[in-house]
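Next up, some structures in C-alpha cells.
Two complexes come next, and they have one chain in common, subunit A, joined by subunit B in the first and subunit C in the second.
Now for the complex of A and B:
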C-alpha cells in the first residue's frame, strides 16, 4: 500500500501548476452545487434566523429589532414543550414503521426475479404521483365510521360495530408513514441493488441459517441505507404539517402546527421563525447523531 | 466405512420450465478425488453444482455426502463449501473475518479459530493480509481468500464454480497450479466446474463431459482425450479437423459431391461420413502414410510455437500444425498424411 501511494505522490503534482490553482480546483468544481445550496437553502435559513430576533408589536407582521424574547418565550411556554414531544414521538414512531416496512418491501423486490421488479417499482411510485392533499382526501374516505376501513373490518367479521379512526393519532401516524414510505423504499432498494446476492448463498454455504445470514451479512451491509432512509423519513415527518393536522385529533399540536398558527393565525412572524430555527437545529442534531451511529463500518467504507 | 464415497449423485434431475438443466446425472466422487464437470455453456454444470450445494432442489434422484442422504437438507446444513466465480466475499468483513466465518457458524471454539484461520491463509499464501478488506485486494487474491474461506471448514466436498474464469490468463495458470498443489498436499475431495478443457485436463482425477444436462463420458483425462466416447466429446476436447465426405463405392467426394483425392487405409461403407483428425497429427508431404488427402494450401497463421497451415480440398477445410516453414506457397497442391490410429469416423 505504502509503495503505491509513494509512486502516486511522486508523479501526481504537475510542477507548473501553482499551489493556489490546485487549492481552488475542488471549490471551482463544486461551485455550481455550492451556489444552488447557498441560494436555495443557506439564504432562506439566514433570513429566517434574522427574522427570529425581530419584535412583534401591534399585530404588525414584524418590527425590526434584536431581541431574544421569542426564544425566551419558548422556554416558558408549555404548549411549545408539549409540541416538541408530540412531534418527536410522531416522527420517531412513523419513521421506524416506515423503515421497517420499506426495508421488508425493498428486500422482497431485490430478492424476487427481475420480471416482478417493474410492477413493484410502479406500485411504489404511485403515492409520489399524487399530491399530499389528494392523499389526505383519500384517507378521509378510509378512516371515518362509514369509511372503507370500518366497512372492511365489519364485513370481515373482525369487529361488530362500525368504528372511526379518523382524527386519531393513529390516523396521523398511518398518514405520515404512507407519505414517507416511497422515498424510504427507493433509498433502500438502491442500497440492496449494490449488494452481490451471491454473498447470501456464500453465507448459507458456510453454515449460517437464514436469520444468522440476515444478522451477519445483510444487516451490516444495509446499515448505511437504513440510517439514510430513517433520516429522510424523520426530517419529512418532523417538517410536514398538512397530513398530521388533517388526520390527527384537534389536540395534536405538532411544531409544524404551531408554526403555521403563529404565521397565519397570529401573524407573528418572528415567533414562527424562532420555532422554525429550533426545529431546524433539532433536526440537524438528530442527523448528526444518526451519522455518528451509522458511519463506523458500512458497505461504502469497508 | 473407509471406502465410502465423499459424494454420490444418483440419477439426479432438475428441470426449469421446459429446460432440463440436469438430466439423469450420476457421479461417484471418492474421497480425495478431484472431479471436473466440463461442458459448453448451458450444459448444466452450474445447475449440478447448485443441487449439490443445496441452492436448488432436485426433481428426482438422490445426493449422498459421506454416505448420508442430504437432498432434503437446506444449504446451511450440508457439509459442502462452494468457491464462487466472483468470490462472493463479505465486503464488510476483513480477510480474517471472512475466513473465520464458516468456523464461527459451525460453532468451532473461539480459541481454535484464530490458529486455523492463520493456517488457512498461510496455505493460500496470504499471511499478513488478515486485516485487509476485500475491496483492497486484487482479483487473484480475492479468489485465494475465497479458497481459504471454503477450505478452512474442511467440508466433505469442495465445490468450485469456475473460480478462475474472471481472472486473466497468467493469473489463471498460476492459481490453477496452486489449487492442484493444494489438492496433492491436502487431498480434499472436490467437484470443479469449468468450460476450459485445459483446466479440466490439468487438475482432474476424472473429467465428466456434460452436454445438455447429461454426462456424455466420465473418465480419467487421458482416457477422455484419447478414447472419447462420442463425437461430441471428441470435438469438444482438443482441436480437431472435420472432413465431411460422401463415400460411394470406394470413391470419396466432398459435401457437394465434387470428387476429392482421399485415400483411406480401411475403406468406409458408402454414405455420408465425418472424419476427424487432430491438427497436430496431420503431416505435410507424407503421401507414404496409411491415409492421405491432396489439398490446396490456402493461407498460413503463425501461432508462436508452430505454424498453422490452412488447406482446402473442395468444400473441406482443414488445418495442420507444423513446426517451421514448409516449401509450399498458397495455391500449391500438397499431400497431407495421417495414421489410422489418429483418425475417428462418425456417420
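Now for the complex of A and C:
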C-alpha cells in the first residue's frame, strides 16, 4: 500500500468508527449492570438523601422541606455520637475476628484433599441457609444460664456454677462474627483457589520454614482477598442491628438500632434517613481507605 | 324470542355489570349484617381478604377464633397477617388503589399516624347491628377516627410473675420489691408503657395522667423507674418469653396480646393478672384501608367482628377486654370486668389526646429513657 493510500485509509470514516466503538464498547457492555446499580442502589440513596432534608413536625412521616435540622441534631445528640463509636468498635473487632477465622478456614479447605472440600463448603454455607432471626433464637438457647454452653461447662467439670454469657458484648460479638463469617470465607477461598500450590513447595525447597512461607509467600498473595473479605464483613457488621440488639446488653445502642427506632417507633423518616446517609458515607470512606491500602503493590503481586 | 333478544341486546360488558349488580343485591343484606350465610356465601364465596392483627399470640388467637370460623361460615378466603409498627408505612408505600391489606388493627398510636397520612376509608357503622351494643367508652376518646373502623377490644399491660419468685401479680409495687431486684423485665422500645406503671401507682393525678403532664411530671415517673434493678429491658415478645423461661427474669410487664398464649404454654410455672391498681390500655380497632378492592367483604368482616359469638370466641382465647357488652367471663379470667363501671375502673386509656401531649416530647423522653436503662442495668 502506498503512502497516499495509507493517509486516505487513516482519514476514512472506518477508523473513526473503530475509535468510537472502542470507546463506547466498555460502556455498552457495562450498561445492563450500570442500569441495575443505578436503579436499585443509586436512586434509593438519592431518595434517602432527599428524605433526610425533609421536616418532621407532626404525626405524618415527613413534611416536604429543605432543612439541615436532622444533621444538626446529630451533632448535639450524645446517643448518636455514642452509637457511632459503639457501631464502629463492634464492627471493627468482629470484622478482624471474622477475617482471621475465615482465613484459617479457607486455607484449611484449600490445603485439604478435594474429597474434604464439599463437606467444608457445606458447613460454611449453613449460616446462609438460616434466617438471622432463627440464628438469634439458636444463640438464645446457647448462651443463657440454662443454655447449652453453661450445661456443657458444668457437666464437664470446668465450672461449678451455671453461667450466662447472654446479653453481653461478647455474645453480640460472637453473633455478628457468625453472621458475617460465610461471606468472608467464600471470598478468601476464591483467592486461595487462584494460587498455584507449587509456590509452597518452591518456598520449602528453597529452605523457608512454614511460618516464613506463610508470611512471605501466602500472605502477600492473598492480601487483596483479605481486604475484600474485611470490607465485606465490615459492611455487614455495621448495618446489622437485630443480632447485636438481641444478644448484646441493654446499653449497646448501634446506629442500626437508632435508625429502626426513628423509622418504626417514632415514624420520623427524615431523621432515620439522615442517620442512614451518615452511616452510608462512613462505610464508603472506610471502603476507600481499604481500597487505597490494598492497591499498594508488592514484589510478589506485581 | 326473549332469550334471543337478551342474547343480542346485552353486550359482554353489560352482562358483567348485570352479574355484578346481582351479586351486590345478593350481598347487600350480608354487608349490613342481616343476610343468611347462604346468600352471603353466594356473594363472597372464594373472595380473599387480608386482615392485619398484632403479630404473635394475638395473631394466632385471631386466626383460630375469628378468621377460620368466618371462612367456614361464608366460604371466603380471609387470611390474617401479623403486624406491629409498620402497617401505616406499608400502606403509604403501596399504590393508593392497591393496598397491601384490606383491614388493619390499629391502636391509638397507629390510628393517629394513619389519620395524619390519610390511609383509612370511612365505614358506615350504623349499618352494623353489633355496633349498638359496644361499650360507649370505646368511642369517647376516638374523635373523628371512629368513623373509619370498628372497635374489637382493648389491649393492656399485665403483670407476669414466676411462681418461684415469691411474688404475686397483684400489685405493680412488686417491681420495686426486694425480690424483684435484678430479676425484672420491661419494654425498652415502647417505653411510654413503662412510664404508665409508676403513674398507676402515683396518686397525684388520676389514672395515668402524669404521662400526659408537664416534663416535670414525666421526670418524676422516670425517677421512679430509675429505682428499679432490671435484668434486661426486652425489645419484643419473643425476647420477653426467652427471658422468663430461661430464668433470666422472674417479674415482667407483658402485653395482654401475649399473656394468654404465654400462660397457656407455661402456666404451671407462671402467673399473669391485671394488678389491683388497674392497668394502662390501648384499644384494638380494625380500620378499613383506603383503596381496598374488597370493600364489601371488609364491611361484612367488620360486622362479624361485632357479633356476640365472635367476641365471645376471641375472649375465650385471649386476655383482651372485648368491645361488646354482655359477654361471659372466660374460664381463664373469672375477674373479667362485666360492666362499664368496672371497665373504667380497670382500664386507663392511653388515648389519642394523650398522644397529642406525649408525642412532641418523644425525642427528649427517648434520650431520658436511655439514661434510665443505663442506670437500672449497671452493676
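We take it that the second predicted complex is superposed on the first by the 278 of 302 C-alpha atoms of A that agree within 3 Å, B and C clash if a C-alpha of one lies under 4 Å from a C-alpha of the other, contacts with A are read in each partner's own complex, and residues count from 1 in each chain.
By our rule, contacts are C-beta pairs under 8 Å (C-beta built on N, C-alpha and C of every residue); 3 or more make two chains touch, one makes a residue touch a chain.
Computed from a predicted model, the values in this text were never measured in an experiment.
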Partners on subunit A (subunit B, subunit C) - clash or fit: fit
Touched partner set for A:145, first subunit B, second subunit C, both or neither: second
Once both complexes are placed on the shared chain, angle at subunit A toward subunit B and subunit C, C-alpha, multiple of 10 degrees: 140
First, second, both or neither for A:209, with subunit B first and subunit C second: first
Subunit B versus subunit C as contact partner of A:266, first or second or both or neither: second
Gap in Å between nearest CA atoms once subunit C and subunit B share a frame through chain A: 51
Sites on subunit A touched by subunit C in the complex: 58-61, 77-79, 137, 140, 144-147, 164, 166-167, 245-246, 249-251, 253, 261, 263-267
Residues of subunit C touching subunit A in the complex: 84-86, 88-89, 92, 112-113, 115-117, 188-190, 230, 232-233, 235, 238-239, 242, 246-248, 355, 359, 362-363, 366-367, 370, 373-374, 377
Subunit B-touching residues of subunit A, taken from the complex the two chains share: 1, 196, 198-199, 201-210, 212-213, 216-217, 220-221, 297-299, 302
Subunit B residues within the subunit A interface of the complex: 53-55, 74-77, 80-82, 84, 86, 88-93, 101-102, 105-106, 133, 135-136, 149-150, 153
